[in-house]
Amino acid sequence: ADPVKVAAIYTVPVEQQWVSRIDKALKAAQERGEITYTFSENVANTDYERVMREYAEQGMDLVVGEAFAVERAARKVAAEYPDTAFLMGSSFGPAQPNFAVFDNWIHEPSYLSGMIAGATTKSNVIGMVGGYAIPEVNRLMNAFMEGATSVNPDVKFLVTFINSWYDPPKAKEAAFAMIDKGADILYAERFGVSDAAKEKGILAIGNVIDTASDYPGTILSSALWHMEPTIDKAIGLVASDTFEPADFGPYSFMSYGGGSFVVDESLAPADAVSAAKAKEQEILDGLFRVNVNDSEPKSTM
Amino acid sequence: MTEILDILISANFWAAALRIATPLIFGVIGALVCERAGVLNLGIEGIFTAGAMAGWMAVWLGAGLWGGVLVAAMAGAFFGLIHAILTVPLGLSQHVSGIGVTLFATSLSYFIYRTALPDVSSPPRIEAFKPLDIPGLSDLPFLGPALFQQTPLTFLALLLVAVTAYVLYRTPLGLAIQAVGDNPAAVESQGLSVYAIRIGTVVAGSAIMALGGAFLTMSAFDAFFFGMVNGRGWICIALTVFASWRPGKALIGALLFGAFDAFQVRLQTEVGSFIPGQVFLMMPYLLSIAALIVVARRADYPRALLVPYFRGQR
Amino acid sequence: MIRFEPRGPSSVSRMLGISIAAAVAALVLAAIPMAFAGLSVFEAYSLMAKGAFGSLFAFTEMLTRATPLILTGLAAAVAFRAKLWNIGAEGQLYAGALAAVAVGTGVISAPPYLLIPMVIVAGALAGGLVMLGPTLLKTRLGVDEVVTTLLLNFIILLFVQMMLEGPMKDPMGMGWPQSEPILDEAALPKLMDRMRIHWGLVIALVSSLGVYFLLKRTVWGFEIRAVGENAAAARHAGIPVTATFIRVGLLSGALAGLAGVGEVAGLKGYLTADLSPGFGYSGIVVAMLAGLSPAGVVLAALFIASIFVGADSMSRATGVSNYLADLIVAMALLCVLVSGLFLRFKIRFVGSQANPEAAE
Amino acid sequence: MAGPAQDAGVVLRLDGITKRFGALTANGDVSLDLKQGEILALLGENGAGKTTLMNILFGHYVADEGRVMVSPDGSGLSELEPGSPHAALQAGIGMVHQHFTLAENLSALDNILLGTERLAALSSSRAPARRKLEELMARSGLTVSLDARISQLSVGEKQRVEILKALYRDARVLVLDEPTAVLTPQESDTLFATLKKLADDGLGIIFISHKLAEVLASSHRVAVLRGGRKVADLPTAECDRRKLAELMVGHAIVETMRSPGTPGAPLFVLNKASAGHGRDALHAVDLTLKSGEILGIAGVSGNGQTTLARVISGLEPLTQGSMTLEGTVIGHASARTMIDNGLARIPEDRHHDGIVGAMSVSENLAIEAIRKPENQRLGLLRFSAMRERARNLIKAYDIRCQSEDSPARLLSGGNIQKIVLARTLETVPKVVLAAQPSRGLDVGATSDVHKRLLAARDRGAGVILISEDLDELMRLSDRIAVIHRGHLSEAEPSETLDRGSLGLRMAGHNAEDAA
């Protein structure tokens, strides 16, 4: 069969952690010869609808993107191009006839990395630096905090949002400020935070992407997101003409391999690692559900 | 209250203020130099980006850190030259030319970066400047951590303030720059070329600005990101007015802004649970306006700022 | 050595010729990065033209993108005419959008013929009021407005984010920082079915006519021009300089606010903090390209919008990085800027040996 | 070509200079020689092309035809590179421009040093320069405080800095474009004494002036330009006032003489009025202007005249005292209320405060009355009425311009002044405030301004004439008061005053000393 024609529309450059996961999965599929892949990055909100239409008009089979700030327009365009499949990052549900949704549901591994952090911190202060307080970020931070307090009720959190996706120098400064306040573990939602941790010789928690090799000895644990299950599923459905608007969110869950938890066992206490692993198994077995909480996390000091 | 005091007396806070201020110092000195010669350079935001990208890429390609600094300065000089040609001999609107240069430098940097590195999911890193350990000074109590654990570019920025002040006030070239920003006819009637001085100054000023960008990718961080300049250039334009076009005051203004910013991230973790985060982020801007109101009446504009000079025209 | 000699008003054919030359120069320049990216230049240009004008969809998209540019361009043009350097149209645009959302999302219920004007007025008022601050600081305390308006852009955007995460957050938005949707009765109607083009364009065109009329034919316009050209002489002649600045500030801010109204009430339907990709800053470019003339603003906005939309679409059709679009816009801008010179001046290249005897 | 004999002592030769600006020929085939030690006066109406000619000589403009020859070291004439001030300076030409070319943000010393040192030099060698300048100042009598910022200097001091700039570079030829336009009589006298001394030292000097008295008193030779062409070049000894005036304008000039006025009731009164601060402040000034009189205010500029004019114009509030117009106290004045109350104002700096250069002549003629019904209806401008009125005024006041639609910026100084006169006097004002109304104007334009002021007086208006030109004051004023350091003396009938005692009082000596 011909390769599936896939176009992706990103509102940020592909370096952005979130988007880079989608890009990676699509590029892998392209490598395998299953799809042809093209994308537009850094698309302004106001241009999003036009770009969607242009791709649809070009006869794309599948359009992948993020509908978050353009929810209504995206759904309207999709409805007008029923022959194209749309797989959009969204906090809302799928819509007939062709609008499927996904999201980064890696709150489970985030919880687990929280358990590791809570058990490892000596100062009982954990700093968290985020870009913007949007649900996709809040959810993971909240799960992380819950995981940490579940093993260490005394742990306190410092939370800062820097109001930018890509200002690593600024994220780094925010992280330094937290280190000054006594944080000995930093939750690295943004580029720059792990650098501060590394410079000051403390630990960091990775998020979405695996940066352990860039910061040896610094990344204590990470909650990783893998878009491959989601993308591969969608491509398969489109290729076999059986695409249905569905919620692809679960493909980001650990049980589908869409989320994973890694820990540097040389940095974490052994009992914390085993506790986390045990919890991981419970999650995979469906015995434990991590709460989903999208509200903005606040400092607790 | 005591928390606030704690912040202000911590050496780390002042070290952060100086770090945050460093790109601004380069930017404001560069902008100030251009404006002293009568040319507003709104290309600054793009020149920052170009400096950040070019300097980083040079290092990444193996030019070495100081080689990267040089390349960044050259990139700044290149865009400065475009702005200078458009605004000085051609006398075009400094506002549009500046914004045009910002658009041009930014989009060219992005385009080159993306064309050169189409397939990076995680931006490549370089080995960035490390904080200098100056034996003796770095170990001083308070001052050591506050002042002497910075990267070489921070010291370069401080040095540049002194050099700029010296050149501006003590050398024939500086006098000519000051004069050309006040009354170009005075310069021409003394046999000097208004165009040469203005173009040269804008090129030099833009090269300095670009170092502010280079600091971001080669000192404050070790990779290049789209949008990472994040309005810092515009802040420098504001700081120039605040500084009344004086290098010393420019340093103070940049440090003040750096301190506001370092202060707000610290305050955010203190009382962030009651007050929306944006309030803190607004603080540096609001305080800059407040500071400007205090100094406004004394602002001493270069009289020929924004005014193109044509020989033999009424 | 280059010498410029001012020339009188240019003929239409000359202006046309120069515009075409500028466009050609821009296209030649833009061919460099295109070739660099491995594109066939001619194909790229035909795709560009298609992207901006090739279909009804493309054309209306281009007009839709030009709509806010016309308004922010007018905002800059009016203010710059009085030498009030308003660099804050971006912030005023957001203020207008915020006000439109505040009025138009259900706080007031009224039929469209009442609600739409209320939304428009609220947006204009909010933009105007935002500009009032810097204007008063300038006239009362001598604070430089370039700086205050520039810094206000950051402050207002943060304020909008604060409102969107706080009191004005859409409870149905799944936690996303966005406003509630504008009611149907408050939305500016679309001009065409299935297309995004909306009544904001009409507002923009009418505003440009209005500004033209104001500057050209009214006492206030006369006073604005006089203050802008020579504030000292205007004051000596009994023109209320302060009042004129305030009027201009309000008008300029209101026009930028209208741009925000159009974007939320006409285009998006609700407010997010990434509403504008820098329309306020582009407005300055539009205004200056237009030589601060209201009619020129419309043309300049169409020019910028068509280059962007065309180049953006071309980058997609050819699979080149879409950062190319911004690059082409920047190059076109610089070319047009330079071409303006040929309208204002005769340019003579004087050899270094200007001495006629030297040749003998 | 001129033989060597004729070249003897010639330090500068302009040879067939032609310069066109579009259709306008600013200089047509002008040739001129300047000898060593000679003071040449260059005369001509406003717009005759004097400044243009000097700008070509100095390299600011490039001539369309003709050439400039200089003899830098007295050895022989060689052609000067056109279009290069640098070359002109190298050849020993020093130029004092009609408008100061000084950087206000630098000290006098730095302005003089500008361009004399290598730009790449690592420091400015101020100390040796200061020594040389102190010697120069002692020799020439041109003293200034070298460390003061230019912005703090008076116009006279600025003028001296300009000349020092040239002398510091060892100029052999000194060109001064209307050097005395802004100087007081005393300053002018000192300047010419200095120039004489410099000429005796071997400098060739060209100066441009509209003041015939000083031309006759101080020059060796006179060249006259009319319409861009040289119409006369003759020894000063062969000239007199009338002849020069005639050469300039091409016909005889009748100088305006005042007939005694018939003063009426007090019209405008300042009572213990104080305003402003610093050098230019007013201190408890009493002034009474009657209708039908011209009240002259004599004084060296910078003694409070500017503040006085601003107060009367409604641009600056009184800090103490009161202002009364026709018996009504004017509390919170603005420019608008004063104009509406019948004040006509001729500002000192007509380019800066008088006209909006980018607007048309007709708009400038309407600007003060733009809100009057004759210019607008319901906020809409009445263009045809405005232009109609402009055409009438252009005719009545003989304003030379291409049309009522040309930008006012393009007009000459004299014609700009006529715009101001036309729009203010046309309203039949009760009070006319004329500040330095003939500064920089040629004889023809000056006599025109004087006629208009006298006509306003004869119509019953009260005129306040602020001037540094004692001839003008004596010729026009019914009474004269002297302003010094913000204090205004009692006005006395001009018949009882003479130039000498006025000059002394302007310098700060009180009436008894003067008498």
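Should a chain be cited, it is by its letter among A, B, C and D, assigned in written order, with residues numbered from 1 in that chain.
We adopt the following convention: contacts are C-beta pairs under 8 Å (C-beta built on N, C-alpha and C of every residue); 3 or more make two chains touch, one makes a residue touch a chain.
Chain identities (UniProt): C = ABC transporter permease; D = Sugar ABC transporter ATP-binding protein.
Source: prediction; values computed, not measured.
*Asks:* Please work out which of B-D and B-C is bridged by more C-beta pairs in contact, and write that pair.
*Replies:* Result of the comparison of B-D and B-C: B-C.
*Asks:* In whole angstrom, how far does the Cα centroid of chain C (ABC transporter permease) sit from the Cα centroid of chain D?
*Replies:* 45
*Asks:* So the centre of each chain is just the mean of its C-alpha atoms; given that, what is the distance between chain B and chain C (ABC transporter permease) in Å?
*Replies:* 27
*Asks:* For chain A and chain C (ABC transporter permease), let me know how many angstrom lie between their CA-based centres, rounded off.
*Replies:* Here chain A and chain C (ABC transporter permease) have centroids separated by 36 Å.
*Asks:* Using the touch definition from the top, which residues of chain A touch two or more other chains?
*Replies:* In chain A, residues 42, 133, 163 touch at least two other chains, as defined above.
*Asks:* Which residues does chain C (ABC transporter permease) have that touch at least 2 chains other than itself?
*Replies:* 3, 158, 161, 165, 321, 323
*Asks:* Could you pull out the residues of chain D that touch at least 2 other chains?
*Replies:* 62
*Asks:* Which chain pairs here would you call touching?
*Replies:* Result of the pairwise touch check is A-B, A-C, B-C, B-D, C-D.
*Asks:* Mind listing the chain B positions that touch chain D in their complex?
*Replies:* Per the stated touch rule, the residues are 170-173, 175-176, 178-179, 181-183, 185-193, 197, 300, 302-303, 311-312, 314.
*Asks:* With touch defined as at the start, can you tell me which chain C (ABC transporter permease) residues reach chain A in the complex?
*Replies:* Where chain C (ABC transporter permease) meets chain A, its residues are 57, 61, 65, 158, 161, 165, 173-178, 181, 194, 196, 263, 267-270, 272, 274-277, 309, 312-313, 315-317, 319, 321-323.
*Asks:* Which chain B residues qualify as touching chain A in the complex?
*Replies:* Spelled out, the residues of chain B in touch with chain A are 10, 12-13, 16, 19-20, 23, 119-123, 125, 216, 220-223, 225-228, 230, 261-262, 265-266, 268-270, 272-273, 277-278, 281.
*Asks:* Please give the residue numbers of chain A that touch chain B in the complex, ascending.
*Replies:* So the residues of chain A touching chain B come out as 13-15, 20, 23-24, 27, 42, 127, 133, 158-161, 163-170, 172-174, 176-178, 180-181, 191-192, 195, 209, 211, 214, 298-301.
*Asks:* With touch defined as at the start, can you tell me which chain B residues reach chain C (ABC transporter permease) in the complex?
*Replies:* Touch list, chain B to chain C (ABC transporter permease): 82, 86, 89-93, 95-97, 99-101, 103-104, 106-108, 110-111, 114-115, 118, 231, 234, 237-238, 241-242, 276, 278-279, 281-282, 285-286, 288-289, 292-293, 296-297, 299, 310-311, 313.
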